[in-house]
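Structures for review follow.
The same subunit A turns up in both complexes below, where it pairs with subunit B and then with subunit C.
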Partner chain A sequence: MITIPEIPLDQFRDEALKLRNEKQMDYLINLVGMDWGDRLGVVYQLESTVTGEQIAVSTSTTDREKPELPSVCDIWKAANFKEREVYDYFGIRFINHPDMRRLFLRNDWVGYPLRKDDDPTDERNPLRMENETTIDTTTELELNPDGTLKDKENMIFEDREYVVNIGPQHPATHGVLRFRVSLEGETIKKIDANCGYIHRGIEKMSENLTYPQILALTDRLDYLGAHQNRHALCMCIEKALGVEVSDRVQYIRTIMDELQRIDSHLLFYSCLCMDLGALTAFFYGFRDREKILDIFEETCGGRLIMNYNTIGGVQADIHPDFVRKVKEFIVHLRGIIHEYHDIFTGNIIATQRMKGVGVLTRKDAISFGATGGTGRASGWACDVRKHKPYAAYAKVDFKEIVYQEGDSFARYMVRMDEIMESMRIIEQLIDNIPEGNFQEKMKPIIRVPAGFYSSTVEGSRGEFGVFIESKGEKSPYRLHFRSTGLPLVSLVETITCGAKIADLITIGGTLDYVVPDIDR
Partner chain B sequence: MKKPEIKSIPYEEFTDNESLEKIVRELNQNGAGVFVGAIDDIINWGRSNSFWPLTFATSCCGIEFMALGAARYDMARFGFEVARASPRQADIILVCGTITNKMAPVLKRLYDQMPDPKYVIAVGGCAVSGGPFKKSYHVVNGVDQFLPVDVYIPGCPPRPEAFYYGLMQLQRKVKVEKFLGGVNRKEDQA
Partner chain C sequence: MFDFSILTNRVHELLISSMSEGLAIFVECILVGVFILIMYALLALILIYMERKVCAFFQLRLGPTRVGKWGLLQLFADLIKLFTKEIISLKSSDKFLYGVAPFIVIVASIVTFSCIPISKGLEILDFNVGVFFLLAASSTGVVGILLAGWGSNSKFPLIGAMRSGAQIISYELSVGLSILTMVVLMGTMQFSEIVELQSTGWFIFKGHLPALVAFVIYLIAGNAETNRGPFDLPEAESELTAGYHTEYSGMHFAFFYLAEYLNLFIVAAIASTIFLGGWMPLHIPGLDGFNAIMDYIPGFVWFFTKTFVVVFLLMWIRWTFPRLRIDQILSLEWKYLVPIGLVNLIIMVLIVVFGLHF
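Our next item is the complex of A and B:
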């Protein structure tokens, strides 16, 4: 359970600056909108990359008609998109936020779906079949020096700008993501990311589901990190209930997470290569990925969506052939991975398209909260497995892959090297899976005690977090998933401006986001 | 009498033969021309063995669709491998994944851009009925609310084998259709 001190609204801005500058809280992990009935608020989870200290604070307003909170998007860049998300869900407007548009829902959506007194399924929002009109302006709530507020209109794209639309249906956006790109010749001047084409409302749905039912939705967030997402939620609930899972479960979960990571990185390799025109490499990646899916299928019963972790254990014990097959797979992949590098890594076209393209600085990576391979390629050692070990990660020896360049090639190499490290982790565990229960005895109805809980795991593409506020009921009062992809999309503008339009495909490919995870 | 048969898989091994037989009966009611019918058969043989799918995927089912394109499941064996990125060159659209309220008009537009004759396959629980997200405020409960769906493939996500079963059912459907004076000059029903 975490305690969250509340900072009064009028002091919040100063306190936030103090946290940033004096306590060096430079990484905004999470920014969660809240509806506490009489007031609307926001919870901020912060971490210092210098001291490793974590802190959570909140602030709130009692005005439900016109809720206004000070923006922190100039302190932490990650807040830019996350405050838009909170505006979309709760209607809280952030003072001095330059772009107060909805992030996920349509412009003409009525109401704020995550407010407790709002029923988004009613007739105010029927299925609209006319196309959404794209607006080129946005509003800002500006604070005058004398303390009064005024509405200001900001232009996103001027009338004379040449704007190209990419997506939502585009094979290289890796899902239904939409970019509007303003070009000058071939050079990108400005880019505006539009999300929400696969916003499924998982967080609102969770408020009416029991905890075991919510588990089913986690796999479908980031389907290439299905095990890890589910692991995070199970771990969070187990922590809240005080349940200790057996060592056997810890080992199995760790091995599954790592297999999933290899699976995800192989898919990353395949898709990136396909986007850059190397179709043969796509077949290489998928050939070996199928072997992992076979292993998953044998034990879990599913190829892509496994539904394997449960609260207090795993769904079923590992298959008798599991250990043998995993070992065979590692031998196979170790023997064949040089082919990947032979065909693509050293290729002159590939290196020219990736080296020096889309450079992300370490400072920006932290400020945007770009965790995972993207952050580590920019020199930010942010591996949750290493810095906050969970499951069996404390027992294994592995190297945290960190590159300093921050360009597309570094992001690519981080993932290729991580495949090797994941294999090392599995090798250390696979022969020593201890005996024990694969499932602890749980109560038929799981009620999490009242309070705030959070847990994070290292997902396939970054730090995946779960944040729960419980009132002691069988469903959470508020459940928030820290998306691994949202920070990555929010930084696209920073690293693509000045690049060529063809580089957008490379950059998008190496950032490796999964769109259903961004939109949730 | 036309029979919805395809190579290698026995007719009896398919379920839902009745609805296809019904189509054949309706087609034969007015009598089929010997000459036109024979040309129809040849055209349909060609059409059913070279579906060009649109690369369209919103979520998890799309990854299985990619697996279909890779070496192990290899959809080239059936003639489906020419995945097109532009709807103007595609024959079929596999709706892989959840369709949300915001995506629905986009999908409809993609469908409208495809040339006739065109076919829709709803892949996975989400496209069939909303699936696990049925109660969500932002998910369309089945693409058949605004698109004419030819084949439903249930599953979350369906296995590649299930994809094939669904695609073969569509092949059989195409084989019994009247092409000349039939689907080739379908009036816009919308």
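Our next item is the complex of A and C:
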């Protein structure tokens, strides 16, 4: 359980600046909108990359008609998209935020779905048969020097700009993500990311489901990090309930997480190669990924949506062949991974396409909260497994891969090297899986005690977090997933401006976002 | 070596004996036209099948296997599909340009195809400026591509067409320079003579290093001319969905598709005609017995073998390399290939002037 001190609204801006400058809280992990009935608020989870200290604060307003909070998007760049998300869900307008548009829902949506008094059956939101109209303007709530507020209209694209739509159906966006790109010849002038094409309202759904039911949704967030996502949620609930899972479960979960990471990175390699036009390399990755999926299938029954972790353990004990097959797979992959580098890494065209393209500085990476391989390629050591070890990670020896360049090639190499490290982790664990229960005895109805809880794991593409506010009921009062992909999409504009249209594809490929995880 | 002109002359005499000369030539023109179209369609089918199988084996797959033995009928199934598909007309496109573009592309490709000597006596368009004619005919294809991009009135095709224009016009230069280098060595621009001259050895062996350099430059530039990987930017799937032919469907799309494959064949065929002796068998001066045995193999077998070896080479390149970026493609051409080509041309001139070649 975490305690969240509330800062009064009028002091919030100063306090936030103080946290950033004096306590060096440079990494905004989470920005969670809240509806506490009488007031609407936001919880900020912060971390200092200098001292490693974590803190959570909140602020709120009692005005439900016109809720307005000061924006922090100039302090932490990550807040830009996250405040839009809060606006989308709760209708809280952020003062001085340059782009107050809905992030996930349609422009013509009426109401704010995560408010507790919102009526989901509102007939002003029918099933619309016409397409959403794209708007080229956005509003900003500007604070005048004399303290009054003014609505200001900001242009996103001018009338005469050559705006090309990339997505939502496009081979290179890896899912239904839409970019609107303003071009000057082949050069990108401005880019605007539109999310929400696979928004399913998982956070809203969770508020009406019991905890074991919610588990089924986590695999559907980042489908290449299904084990890790579910691991995070189970861990969070177990922590809240005070349940200790057996060592066996810890080992199995760790091995599964690492297998999943290899699976995800192999797919990353394949898709990046395909985006850059190297179709043969695409098949190399899929050839070997298939073997991991076979291993998953034997133990979990599923290949993509595994439904394996449960509160207090795992769904079923590992298959008798599991240990042998995993060991065989590692020997196989170690023997064959040089092919990946032969056909792609060393290729002059591939290196020319990636080196120096889409450089993300360390400062920006932290400010945007771009964790995972992207952050580590920019020199930010942000591996949760290393800095806040969970499950069996404290017991294994592995290297945190950090590159300093911050370009696409570094992002690519981080992931290729992480495959090797993941194999090392599995090798250390696979022969020593202790005996024990694979599932603790749990109560039939799980009620999490009242309070705030959070947990983080290192997902396949960054820090995946779960934030729960419980009122002691059998379903959470508010549940928020820290998306690993949303920060990655929010920084696309920063690193692509001035690049070529082909570089956008490289950058998108190496950032390695998964769209269902962004939209949730 | 069998001379096909005996056969064609006999047909000519047969026709003249039964009708006036003008009519006979007219009938011959139609026969030749039909022959070209059949060859064109057949080669396209073979090439597409070959590409599918070759790329499948590079990619740990089997390629088509279901329709017919070894998937042989797959192509016919695809062809029927293309024939029966609706040709979509776009609301705001330039109807005339949009409609005419695929025909320009395919006609340019067919005319170029007619210049290639397939076997002894089997030359369709053969005159003293054959090389010039071929370069001119092949470069009209880009007009079709530009019109397709413009006429579609859509953004992706327009970017694709612009890329294609910049790329093809640039690489035209390298193709021209490398062929010019060989023209200096050959001393003729007539294709039949070019092949005859190689009876004492293929030009790639006769021309020392410059011929080899010209061959490599030609292959790179030729590959770029056909818009195939790693130079497939105009239709870069992951960037522009399908580039200049995004908005085309049915047979209009098929024309682009066929022209692309036939251009691959044409590039390979010119490479084999100019550098590898065309239909001329492998002759090694001094080994008369060996040469005589080689002569027993018919010319068209030699021609197609050489051409398909080059085609295989180009497919190998395509399925191995990632795609270049537009600025990289242009700097490769203007900063490397053109200067190298020019120096190569001068060296070749010196070699020919001082008679240093074989």
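Methods note: the second predicted complex is superposed on the first by the 518 of 520 C-alpha atoms of A that agree within 3 Å, B and C clash if a C-alpha of one lies under 4 Å from a C-alpha of the other, contacts with A are read in each partner's own complex, and residues count from 1 in each chain.
Keep this in mind: a residue touches a chain if its C-beta (ideal position, glycine included) is under 8 Å from a C-beta of that chain, and two chains touch if they have at least 3 such contacts.
Predicted model, so just to flag it, every value in this text is computed and none were measured.
J.: Thinking of the overlay built on chain A, is A:Asp503 touched by subunit B (first), by subunit C (second), by both, or by neither?
T.: Only subunit C; A:Asp503 stays clear of subunit B.
J.: Quick one: classify A:Val42 as touching subunit B (first), subunit C (second), both or neither.
T.: neither
J.: Count the residues of subunit A touched by subunit B and by subunit C, then name the partner with the higher count.
T.: Between subunit B and subunit C, B touches the greater number of residues in subunit A.
J.: Once the structures are superposed on A, label A:Val448 by its partner contacts, choosing first (subunit B), second (subunit C), both or neither.
T.: Neither subunit B nor subunit C is touched by A:Val448.
J.: By the touch definition at the top of the document, which applies to A:Val359: first (subunit B), second (subunit C), both, or neither?
T.: neither
J.: Return first, second, both or neither, reflecting whether A:Ile191 touches subunit B, subunit C, both chains, or no partner chain.
T.: neither
J.: Could you tell me if A:Ile156 is touching subunit B, subunit C, both of them or neither one (first, second, both, neither)?
T.: neither
J.: Per the contact definition in the header, classify A:Thr121: touching subunit B only (first), subunit C only (second), both, or neither.
T.: The first partner, subunit B, only.
J.: Based on the superposed arrangement, let me know which partner A:Phe283 touches: subunit B (first), subunit C (second), both, or neither?
T.: After superposing on A, A:Phe283 lies in contact with both subunit B and subunit C.
J.: Based on the superposed arrangement, let me know which partner A:Leu304 touches: subunit B (first), subunit C (second), both, or neither?
T.: After superposition on chain A, A:Leu304 lies in contact with subunit B alone.
J.: Go through subunit A and flag every residue that touches subunit B in one model and subunit C in the other.
T.: Overlap of subunit B and subunit C footprints on subunit A: residues 170-171, 282-283, 287.
J.: Enumerate the contact residues on subunit B facing subunit A in the complex.
T.: Counting only subunit B, the residues touching subunit A are 55-60, 62-64, 66-67, 70-72, 85, 87, 97-98, 100-106, 108-110, 132-133, 135-140, 145-146, 156-157, 159.
J.: Touching subunit B in the complex: which residues of subunit A?
T.: The touching residues are 104-106, 113, 120-121, 125, 127-132, 168-171, 175-176, 196-202, 204-205, 208, 216-217, 220, 223-224, 267, 270, 282-283, 286-287, 289-290, 293, 303-305, 515-516.
J.: Going by the contact rule set out above, which residues of subunit C touch subunit A in the complex?
T.: Within the complex, subunit C contacts subunit A at residues 55, 58-61, 155-156, 159, 163, 229-230, 232-233, 236-239, 241, 319-328.
J.: Show which residues of subunit A lie in contact with subunit C when the two form their complex.
T.: By the definition above, subunit A touches subunit C via 162, 164-165, 170-172, 183, 186, 273-284, 287, 343-344, 347, 349-350, 352-353, 500-503, 505.
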